[in-house]
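Worksheet: one structure, shown below.
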Amino acid sequence: MIAVLKSGTSDKQIENLTSWLKAQGLDVHISKGSSHTVIGLVGDTSKIDADLIESLEMVDAVKRISEPFKNANRKFHPDDTVINVGNTSIGGAQFAFIAGPCSVESEEQVMEIAKAVKAAGATMLRGGAFKPRTSPYDFQGLKADGIEILLKAKAATGLPIVTEIMNANHLPMFEDVDVIQVGARNMQNFELLKELGRTNKTILLKRGLANTLKELLMSAEYIMAGGNENIILCERGIRTFETYTRNTLDLSAVPMLQELTHLPIVIDPSHATGMARLVKPMAMAAAAAGADGLMIEVHNDPAHALCDGPQSLTPDKFAEVTGAVNKVLAAISED
Amino acid sequence: MIAVLKSGTSDKQIENLTSWLKAQGLDVHISKGSSHTVIGLVGDTSKIDADLIESLEMVDAVKRISEPFKNANRKFHPDDTVINVGNTSIGGAQFAFIAGPCSVESEEQVMEIAKAVKAAGATMLRGGAFKPRTSPYDFQGLKADGIEILLKAKAATGLPIVTEIMNANHLPMFEDVDVIQVGARNMQNFELLKELGRTNKTILLKRGLANTLKELLMSAEYIMAGGNENIILCERGIRTFETYTRNTLDLSAVPMLQELTHLPIVIDPSHATGMARLVKPMAMAAAAAGADGLMIEVHNDPAHALCDGPQSLTPDKFAEVTGAVNKVLAAISED
Amino acid sequence: MIAVLKSGTSDKQIENLTSWLKAQGLDVHISKGSSHTVIGLVGDTSKIDADLIESLEMVDAVKRISEPFKNANRKFHPDDTVINVGNTSIGGAQFAFIAGPCSVESEEQVMEIAKAVKAAGATMLRGGAFKPRTSPYDFQGLKADGIEILLKAKAATGLPIVTEIMNANHLPMFEDVDVIQVGARNMQNFELLKELGRTNKTILLKRGLANTLKELLMSAEYIMAGGNENIILCERGIRTFETYTRNTLDLSAVPMLQELTHLPIVIDPSHATGMARLVKPMAMAAAAAGADGLMIEVHNDPAHALCDGPQSLTPDKFAEVTGAVNKVLAAISED
Amino acid sequence: MIAVLKSGTSDKQIENLTSWLKAQGLDVHISKGSSHTVIGLVGDTSKIDADLIESLEMVDAVKRISEPFKNANRKFHPDDTVINVGNTSIGGAQFAFIAGPCSVESEEQVMEIAKAVKAAGATMLRGGAFKPRTSPYDFQGLKADGIEILLKAKAATGLPIVTEIMNANHLPMFEDVDVIQVGARNMQNFELLKELGRTNKTILLKRGLANTLKELLMSAEYIMAGGNENIILCERGIRTFETYTRNTLDLSAVPMLQELTHLPIVIDPSHATGMARLVKPMAMAAAAAGADGLMIEVHNDPAHALCDGPQSLTPDKFAEVTGAVNKVLAAISED
């Protein structure tokens, strides 16, 4: 960590600051230039609150040199993490197609979609049993019953299942769940992250709506600091001023995260765009950008399909998406 | 709720949609104009997912006419809510000065600050025992010991205490806490909100970093839907592109929220600006905008003060702030 | 345009509003529902200020049904616009590779890069002669001399040239320029747009840093309203809270714009990411998303290359990008 | 300027970089720490592109120590700038009330409003003759005729006038205008700023919708670099995710800018909130935060008033605002 002091800082002030820093267990290197003084801090600076130091009257700027994430950092773990999930894996050669309905509504619905997406190339089944909703009056999911339905679909198809947790007290219900999802609104629910760090479950961690990639990695670090290194990162769109799309899919997150971390990265084009007809081009783009997988909403609800017509991402449309994505993957693998 | 259909929607499609909507228990009113058809939905539309309807091919736009929040809505509760907190209150004639250290560090520290801020006009004492930190390696607070220290300061000074909760399982520790704070990162931790709705504690709910006022009110609604109506809303700065200040304090939230809801609103200029020297002008501005109170960070840590010099918000500076704010309050009360 | 009135609006108020609206030349259709009244406005609503109507006490919401852009609207012009530029074209079968240095520095530099990018597959040459800089003290470009240099490179290679205009008074200097670029900061410089609308030059219009797609299309509309329909839209990254990348490339803009407009869309991954090593994956992603072309910064400055080493996008690296993009294009053309 | 090099940078690379930097005319100070090397640059670093250096493979971070604005910088000009405008002034003891209609519509309208706002305490008259509109089909203002009308109102009332310029070629029409406004969308129209720098007119420079305070000051610097130091800065709301208000008024900009610059700062609560009923509380808050003045939209259009009812900011309401603001100003002047 580097602190740049304002010109005009007195020797007495510098001495006060350095003795305080040394008391925190750090080595302090002072470099006085003609126009400024730079203090270099060596040691475990992770305990130091950069904001506090930056708020000091005498300090012009503070810059962390080392990334504050360690377990997630590619520098200390150069090889890609490959996570085995049931009969498949993610992060290595296998491109993951995670597909299924937004909400688990009935056994019939999930069973039908599960079979259809498997036939279309899905490698995992997703479905929401606990639903985080902005309004307390909106449907909150089938909860435990929803998980039971997913497990039946897993038994029938062999597809590993991915479903969201909202409360660490619910963990016993997730015993047979293959991948536990942490939603965007819980990305900085640190108490939940800590509890998940004490399990050995694979965690799919979604980026928060207005969070940076560094914050996403720090949240992964919360889980990893507890000993659980099975983490899949998920970009699902960030909040911007654009209104035609629900959120803005940040695909540059894919190569950027791959440089910063060894963890696998999947893209959720369904939530990011909010429009089924944008899923195919964005899925292809995600594959071209180097993502490790996709998470796509597929439904077969007849009432909905009735209204929705040609634009819904039905299992048939999903098969088109996997086909197109596989062509892109083949093209880039030659590269 | 109004749905505007695209021109060219067939009668068959309209019929399909209306029968689906009626099956959800709604009355449907159709108004065909020369250029468009508008469907008005009457009944309990809170169960209807506006996003789902908007995503239909045939739908141009969906607009909720009634606000989705009910218990928090001023329309149904015109009078200001006044909440009694220990020997003081908030939301009525009494302007609240909530002051104290960011983190509880020691009994000596808290006791000294508590006495000093009380002398300077504080009506409640704040202090963090559980600290939400972006990094798992940063100091996470004194936890239960921190709450014990706050309770001692309460006993010594009579000041009601305000402190943050991060995990509903910790509720037993908060039995003697007067006001339980929900931090910005937990504003949409719906499971926590639901649990707090089952208590009768006063909740201070902070707006999330990139959340809208409607989302803040929907989170208040989660608590109120459980039966707990003792909620204080807190604006603490939102994330913008500005970098000189840590966040951007949205003071228009004060009159805007007062129009929308009957709940009291406090402003936290310390977190919003990240700079002690901006606290005084922003506190005065918050009072002028009509806020019901302020939440201000005050510390007396000698090591910190050593470095910080004239810019720290020491108890003395806090007394200057309360003095200036009281002048503004006196001026606007004449109005 | 639809205006939804608040419940409790009196007949007298409705009458006042409708007579005012009729005085603006509109047909007014009133639909009274049990819970609300909807006013439908038919006629040339483009002259009506939606904000003004929404600000009325009695109005709950206003919604434009028809898009406010007409000339740029795909509804009225279903076929893709193909623009001929020198010996090439954009918007049809030909994928555009626009490459060159950020700033024109010298004839030698531009000539060398022009030849190299042409050999690597570029279809147009870009280079900045007038440079919009945040600081008045930064290098502002070679101006007229820069354009002369670009024209020499065009003469030598046959590549059409793309360069930015900042002032309509400079138009005479752009007589032999093939594509005139409007930069992000001038996207809503309406006076400049109007002047460009009076020319028949091809305009490459960059999306502003915090502008929506609708605002981009309205700016295109300014040019088209003057009679000039030769417009290329360019997504170059938008401002978000992410700091690892300079901006956030919004690739969902590609399929979204293609639905809304018939104008061609190019992607600038260099400015969007600010990092040469992210250009290749984002270029591939842009092609997979369906973009009509790419705009990529290529330099050969020896001093810069000296420092920059393997990470600069030298002509060699650019050849890798075109190769990889062409593989993606081949893969998706089969689809 | 400080550049922090990555650990592992070779001596050869450091030498290459330092010789390149020296060739740009800078003194280079190297400080090798145990974990990193810091390069300090002394001299006129304003010519150095920090982004370019940060993009180098070997560079971890770049930090400007000195602010890039000079003429606008309070460090070099500690006293507040006071600008004389007609018979009044701004930036000193006199608080400015700039009031008038958004658009100039007719002589009768402007004359009536001018008299009314003068009676209510306005010190300057504002009105738009050239209107920047998102759509080319919206009313673009009365242009030259609008300025003539404003000048008549000035002659009748003695109020100095403030009106917006969109095109430097229009400058001759602004000869008798007292304050020339640059709108938010033109804040980075550098060619316009340069031209205004060559005049001696007072410029009111509005902050762009998504611009930082540093960018605002750099735009002021463009004007000042040309020799014109008569600049009033204006905060008029920034784009955020909030939708109840049109924009978000950033009042912390007031004390923050006052620390950074000596230029006067006015607040426009009308555009920031988009709601007349929020103008009064935000005007009072702006005064309490220390602003040098307010810019408020006042209209008397009878047709509009008919619809608008109690919520419009009529001259009567404006008189209420000036009264309330004056009470706040009196209260804080005692402080």
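For clarity, chains are labelled A, B, C and D in written order, and residue numbers in each chain start from 1.
Following the convention adopted for this analysis, a residue touches a chain if its C-beta (ideal position, glycine included) is under 8 Å from a C-beta of that chain, and two chains touch if they have at least 3 such contacts.
These numbers were taken from a predicted model, which means no experiment stands behind them.
Enquirer: Fewest touch steps from subunit A to subunit D?
Expert: The fewest touching-chain steps linking subunit A to subunit D number 1.
Enquirer: Looking only at C-beta pairs in contact, point me to the busier pair out of A-C and B-C.
Expert: Between A-C and B-C, the larger count of C-beta pairs in contact belongs to A-C.
Enquirer: Hey, what angle do you get rotating subunit C onto subunit D on C-alpha, to the nearest 5 degrees?
Expert: 180
Enquirer: What whole-Å value do you get for the distance between subunit C and subunit D if each is reduced to the mean of its CA atoms?
Expert: 27
Enquirer: Find the geometric centre of each of subunit A and subunit C from their Cα atoms only, then give the gap between the two centres in Å, rounded to an integer.
Expert: Whole-Å distance between the two chain centres: 31.
Enquirer: Quick check: how many Å separate the C-alpha centres of subunit B and subunit C?
Expert: The mean C-alpha positions of subunit B and subunit C differ by 39 Å.
Enquirer: Residues of subunit A that contact two or more other chains, please.
Expert: In subunit A, the residues touching two or more other chains are 210, 239, 241.
Enquirer: What does subunit C use to touch subunit B in their complex?
Expert: Spelled out, the residues of subunit C in touch with subunit B are 2, 4, 7, 27, 29, 31, 33-36, 38, 40, 42, 60-61, 63, 65-66, 210, 239, 241.
Enquirer: Residues of subunit B touching subunit D in their complex?
Expert: Per the touch definition, subunit B meets subunit D at residues 210-214, 238, 240-245, 248-256, 259-260, 272-273, 277-278, 281-282, 284-290, 323-324, 327-328, 330-332, 334-335.
Enquirer: Which part of subunit B faces subunit A closely enough to touch in the complex?
Expert: Interface residues on the subunit B side: 13, 16-17, 20, 23, 46-47, 49, 51-52, 55-58, 68, 132-139, 166-169, 185-186, 188-191, 194, 209-210, 215, 218, 221-222, 225, 239, 246, 274-276, 303-304, 306-311.
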